[in-house]
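Naming follows writing order (A, B, C, D and E), and every chain is counted from residue 1.
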Amino acid sequence: MQIENKKPLIVAFCCNWCSYAGADLAGNNRLNYPAEVKIIRVPCSCRVNPMFILRAFQRGADGVILCGCHPGDCHYTSGNYYTRRRMALLFSMLDYLGIERDRTRVEWVSAAEGAKFAATMNDFVEKVTALGENKRLEDLRCKK
Amino acid sequence: MRKCSLSNLSAVFDKISENLALYIPVDTNGGAKFEKYESGMVMSEALNTVRSAKDFFFPQIEDVAAFKVEGKNIEVVDTRVIKDDFVIFGARACDVKAFEVLDNVFLSDPVDSYYANRREHGIIFALSCSKPVETCFCNAFGIDCTEPKGDVSMWKTESEMYFKANSEKGEKILALVADLLTDGEEKVVESEKAKTKEVLKKLPLSNLSPDKFGGGKTKEYFDDPAWKSLSESCLGCGTCTFVCPTCQCYDVKDFNTGHGVVRFRCWDSCMYSDFTKMAHGNPRLTQLERFRQRFMHKLVYYPENNNGLFMCVGCGRCLAKCPISMNIVKVMKTLGGKN
Amino acid sequence: MENKNLREEIIRRSGVNPLKCMRCGKCSGTCPAYDEMEYHPHQFVYMVETGDIEPLMNSKSLYKCLTCFACVDRCPRGVEPAKLIESVRLSVIRQQGNNHLNTDTIPDIIDEEMPQQAIVTALRKYNK
Amino acid sequence: MQRIGVFVCWCGSNIAGTVDVQAVAEALKTEPGVVFSTNYQYMCSQAGQDIMKQAIKEHNLTGVVVCSCSPRMHETTFRKTAAAAGLNPYMVEIANIREQCSWVHKDMPTGTEKAIILGKAAIAKVNLNTPLTPGESPVTKRALVIGGGIAGIQTALDIADAGFEVDIVEKKPTIGGKMAQIDKTFPTLDCAACILTPKMVDVAQNEKIRIFSYAEVTDVKGFVGNFTATIKKKARYVKEDVCTGCGICTEKCPQKKVPNEFNLGMDNRRAVYIPFAQAVPKVATIDPDHCTMLKTGKCGVCAKVCTAGAIDYTQKDEFIEENYGAIVVATGYNPISMDKFDEFAYNQSKDVITSLEYERLMNAAGPTAGKLLRPSDGKHPHTIVFVQCVGSRCSACDEKGKEYCSKICCMYTAKHAMLTRDKYPDTDVYVFYIDVRTPGKSFDEFYRRAVEDYGVHYIKGMVGKVMPEGDQLKVRASDLLANKQINIDADLVVLAAAIEPDKSARPLATMLTASMDTNDFFTEAHPKLRPVESPTAGVFLSGACQGPRDIPETVAQAGAAASKVIGLLAKDKLTCNPCVASSNEIMCNGCSSCANVCPYGAITYVEKEFRQPDRTTLVRRVASVNEAVCQGCGCCTVVCPSGAMDLKGFANNQIMSEVDAICK
Amino acid sequence: MQKISRETLIEKAKELLQNGTVSSVLGWKAGEFSYDVTPATFNSVEELEKDFVYNDFCGANFSKYLVKATIKAEGKILVFLKPCDTYSFNQLLTEHRFNREKVYVVGIPCEGMVDVEAIRKAAGEGIVSVECTNDGLVVDTLYNGKVKLAEQDVLLERCKVCKSKKHVAYDELLGDEGEVIESKRFDEVERLEKMTPDERFAFWQRELSRCIRCNACRDICPACTCEQCVFNNPKSGVENKAAANSFEEKMFHIIRAFHVVGRCTDCGECSRVCPQNIPLHLLNRKFIKDIDNFYGEYQAGAEVGSRAPLVNYTTDDIEASDAVRKGDGENA
């Protein structure tokens, strides 16, 4: 039996043109996903600096997910291709440092994929919950 | 004079650590390092630790206060963590001398209460050097590495460790382990010292002397053209200052935790471009000025204000660790060699 | 191409224009006798189009066609492969010496017992 | 410190049903910077907006947070409201507590808690917002069209029709492009010249259009609305304004053995020439590579026979600088070289030709005056083999062919086959194909007519080898449907060569900082929604420079590009998006990483002077963002190692403060 | 022992100084001991003859010095570059960090440089002198007398797994040109990849916990030439002077490694200078290995103007989730 049932904290960076709109669509269709997911709007997934991701973990996030337009559909033509390279390398490095790989994810969600957005968030929250609290990238000063 | 066999040393450690925190040098991938003793740990044979023993009294990071913010209320929290005595076992004569340098800064008025608090709680077991190396030049600053100060002085022979208490604090700890110690003979220690002194004479830097430096020499050296060539390859990293047992500059910073603020101080380095940066900018804009500051401070400014005491103890750490092998010895020889 | 005359004859008799075929294969896809055949319906059409008729006439596949007309019904281009097969069968019969029947002579050879369907089939076969 | 007002919207029961709006407004009151917090049923209603306007004035607000529906819904509304009350519109942030909170969470405590956090994040961001003002830049009301083929012609005509000036730059002596070389057009089979040449004349006569023929664009500077192009007018050694186009010089020139590029080298022209009878401008051009006078100084026949006195052997290249508001790229295509396709014996036999050569053979103004005769011996061919997909859909070796489908070959091959059978019913025509692709209006019907009505033999399979033997070509190919190898003795083999972008496109793209794909086709700003715009603002795409296309598509796209240009030139000033990247020059290393990833070419490098600590001056290379061109994706900010590049409106510290607020 | 002698280099420098090709020389200056060599500028033949050295301890990579030196110098600077240094040289040129016209590069062969720490470990503390001979090092020590060491055993880590003896940039070459070497430099990375995540976490926690944030790794790094580092910039949000806890230790090293992705030439200077012996090259090499693995082999600095992997892409790049698996050696 699990004694501690602390809910995880998830930061989701969504690009303005596809994924943020996809999240809106999930709302329009009343598709539930856990309230632990908090969305930050960015113009493009390529705006997300690795520093933001580390910052989220430092401040107490248990999982960070990036959502952007599908490859080839970027509003800015190529932003998500750069995102894909950066995150492939960054996540591989985090894994190399022993950080649980299920705490980070990149997902392509279009403006029409409200259902995919909700399903992705449900799945991600479930995986992060299973991992428990983020201990490997925590900053104790930020804990209450 | 008390002694114990080296094979019995771990029993001494166990006994001390039962009563209070004990730190001994142990070997790591990165060289010797003081670590909190846990049963089974083996004391390092290395001459010195990579980081100096100043960490105990002046750690790299120390929280000085915290502010808890709730709504529009702010509460100040005391962050002092050291409340009990602890033992530093195996500091060398140079590092112990460095405490004197730090004391002059932190314990003179206004007293740094954080430093004073740690200093009060610290009990120093200082170990005589038996195998000094080529980078050693404590001799130049009048330090006898076979006569370490501290609360307890120690000498090591092939098979035994000799203890001599110099203070009440030291006596107390030795009393704690009294059953593990037996009486030791002065002459064994003396012969050990003599052996070491022979080695000291052979050291390449044995003739180094700081005589040409000291208070009142500012004008003599400040505009010396040699600073240019000495500093030109300096990277501006903080290695020398951070391994130095006498460097004591720090910066005070606030960290916003999201629900409050932690105010902490951390070591700073005069080699950094943002050292002592103020509203108007930096007082020392070039690496030459910053480089000069470090050595003038150690060899001229500090002795001027501290009765001729130099701010270097000749531990040789910067000689071993500087990425480009520039160091105080080269500075002393270059500047001093001219006059 | 070889057998130009035979090709022309088959095409004329069947009324099928194999050039209309787009090679989609729907006829073969729908054929219930497919597994029994050496040459499949779409190949029939193509072989007739290219005049490669000899192997067809010698193949048993010719008689595996059930004339169910599924291919005719489903062909997107109205090529009517079954009619083409029928026409090739006729060419075989002709070569065997059994030639045309005149419509007029048919009543004479009709047997009382003969099923109606056989009569219709015969009419269809022998008057072209 | 900002003075922030928080406005929590109920959205009727849409938000208030799952979020305790009262509690949210109350909780956000104590956040740093917040001086006013309220809630209202419908913030977007007139009454709601009035509450906001009044609060801004009463409380001297410097920032506004609206907790409401998605910013995609009403951000603009609330920004306008704030602006109406005298607040900078970019000081407004929206916390999305409807689509991303009340609508996706079921119970009140959860919804309320999350709404408060989203509100805190928005407040944290507004605390770091700075007022932004969109920049403005003037628009030069003139367009440049690069390329004078049917794409360029149509674009220019449409732009001129709307009353704007247009310059066409064409590198050849005449406009007309590939279409001028084509005989008939599918699927209607009308004569290409009959429909093209009137358009060429229209161009020549249009007062708004200038033609720079025999000219090239050598440099482009500037940005949308404000381009400056340098045009090199190559010396044609004939005074363009004096020449009457009578053509006497082209008949008298003693240098007769110059391969005629208009007929793809299948006949000869003189050293002074007019490419074809309907050329526009109808002006002679002297080919300096072959003119004896220019090479040796001895001849001068043309000057002697020219009654107008238009010949000028001393002419030099001329450079013209001109300002433009928009640039249309219409550089077109070329068939690829057949040199690497040894299997088809193109270089071994004159009777293996490309489809474009076949066009000229069929054309009444062509080298054979429209009679189908073999190039080798001038005999009438009886068996003709057409091979499709020569070099198209070829990914095995990128040196040899192109990976893409050239799109037009199926149709023109059907056209050739049909026309041949129509004119010469005694010929056998075989077409070897991999697939026949005819997705266009009346296209498939056209192809079926070739098969059904004209009896063209379409064979699925590729030609493997063509072997010249005597005066015949042995063609060995596969017939995949019959599952056999076949051999045909052909008199003529026609290769449907793949098409590729004109070689001038790559350097031009660099000049324009317009992006290209790996095949050197220009990339569109969005493949579906912005198909005629390049990602570089102010640069538009017309015709085959963007990808293989036929004439109807090209004309349609040319018109679309023109309408985009007209839309741009109709504005007196361009308002820029204020959320753009900006570089801190003091921190910039000049490493070019940002410029490398910028999809719009908005980043250039300038040499800047910096004062050094030792009071000397240092010149450093630093990035400079053109705010008129930047679209604000922020890609540059992440590749910048020093963090010198930041994005206004979505700054590093703003996003990090949102992260902090969410995580605390 | 180096195949090329100090005298040869001095001869070359003399020639170039005297014929006016260059006005100063960037070289190594002898120190107090056999091993403490310092980079220095030599302006005259006399200075060269007095202090210039070239021996097994001349590990310092001069490329980065050129960023500042070319600004200060009036005339051309002669710089001696070992094969691995030339990669950094090219990378800096790719990033427009100095004016190529102001540098005269003499490529010199390198037989591998020696690590003093390794000598200390092998021969014992108290090094009186080190003599480099053709068949190894003779180390005179205070306590163990003369000790003979095989050069191979005491090479710097980066030299043990040397990736190239070929110069990719020079105006003139002294000695023979070498080849790019099939190196085993990724073995250690692979070993880590094969560990469990818990083991890897423990490994890096242990290694990085020693960091004293002296910034030597950053300040020596030829890729870290930022006008202002984010870690020094209070406005960057990540600035700090000391790592307050294990998060900040990781943060610094992850971000630093990420900032040099595709720009790091694997020159190994970071690990060479780390006073705490943290194997920092294992972070950079992980990125290099992943890049090779995901996007095809890429050697930063191999040619001037090449596009680094992070400022490039293809439409069918590997997805991040697959990359994590593939980066771990699993089949993706």
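Here, a contact is a pair of C-beta atoms (placed from the backbone, for glycine too) under 8 Å apart; a residue touches a chain by one contact, two chains touch by 3 or more.
These figures come from a predicted structure and were not determined experimentally.
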Subunit D and subunit A - chains in contact with each
B, E
Pick the pair with more C-beta contacts: D-E or C-D?
D-E
Of all chains present, which has the mean Cα position farthest from that of subunit A?
C
Sort the other chains by how far their Cα centres are from that of subunit D and give me the top one.
B
Express in whole angstrom the distance between the two chain centres, defined as the mean CA positions of subunit B and subunit D.
68
Take the average of all CA coordinates in subunit A, do the same for subunit E, and state the distance between these two points in whole angstrom.
36
So what's the Cα centroid distance for subunit C and subunit E, whole Å?
83
Multi-partner residues of subunit D (at least 2 other chains)
597, 639, 652, 656, 660, 663-664
Which subunit A residues sit where two or more other chains touch them?
50-51, 55, 59-60, 72, 78, 82, 86, 141-142
Counting only residues that touch at least 2 other chains, which ones in subunit C make the list?
none
When you check every pair of chains, which ones turn out to touch?
A-B, A-D, A-E, B-D, B-E, C-D, D-E
Using the touch definition up top, name the residues of subunit E that touch subunit D in the complex.
71, 95-97, 224-230, 233, 235-237, 259-260, 307-308, 310-312
Touch list for subunit B against partner subunit A, complex
255, 257-259, 262
Show which residues of subunit A lie in contact with subunit D when the two form their complex.
9, 11, 16, 20-21, 23-24, 26-28, 30-33, 35, 38-44, 46-52, 55-56, 59-61, 72, 75-79, 82, 86, 118, 142
Could you please specify the touching residues of subunit D with respect to subunit E in the complex?
586-593, 596-597, 605, 618, 621, 639, 641-644, 652-653, 656
Which residues of subunit E touch subunit A in their complex?
189, 192-193, 197-205, 230, 236-238, 244-245, 247-248, 250-251, 254-255, 257-258, 261, 283, 286-287, 290-291, 294-295, 309-315, 317-324, 326-328
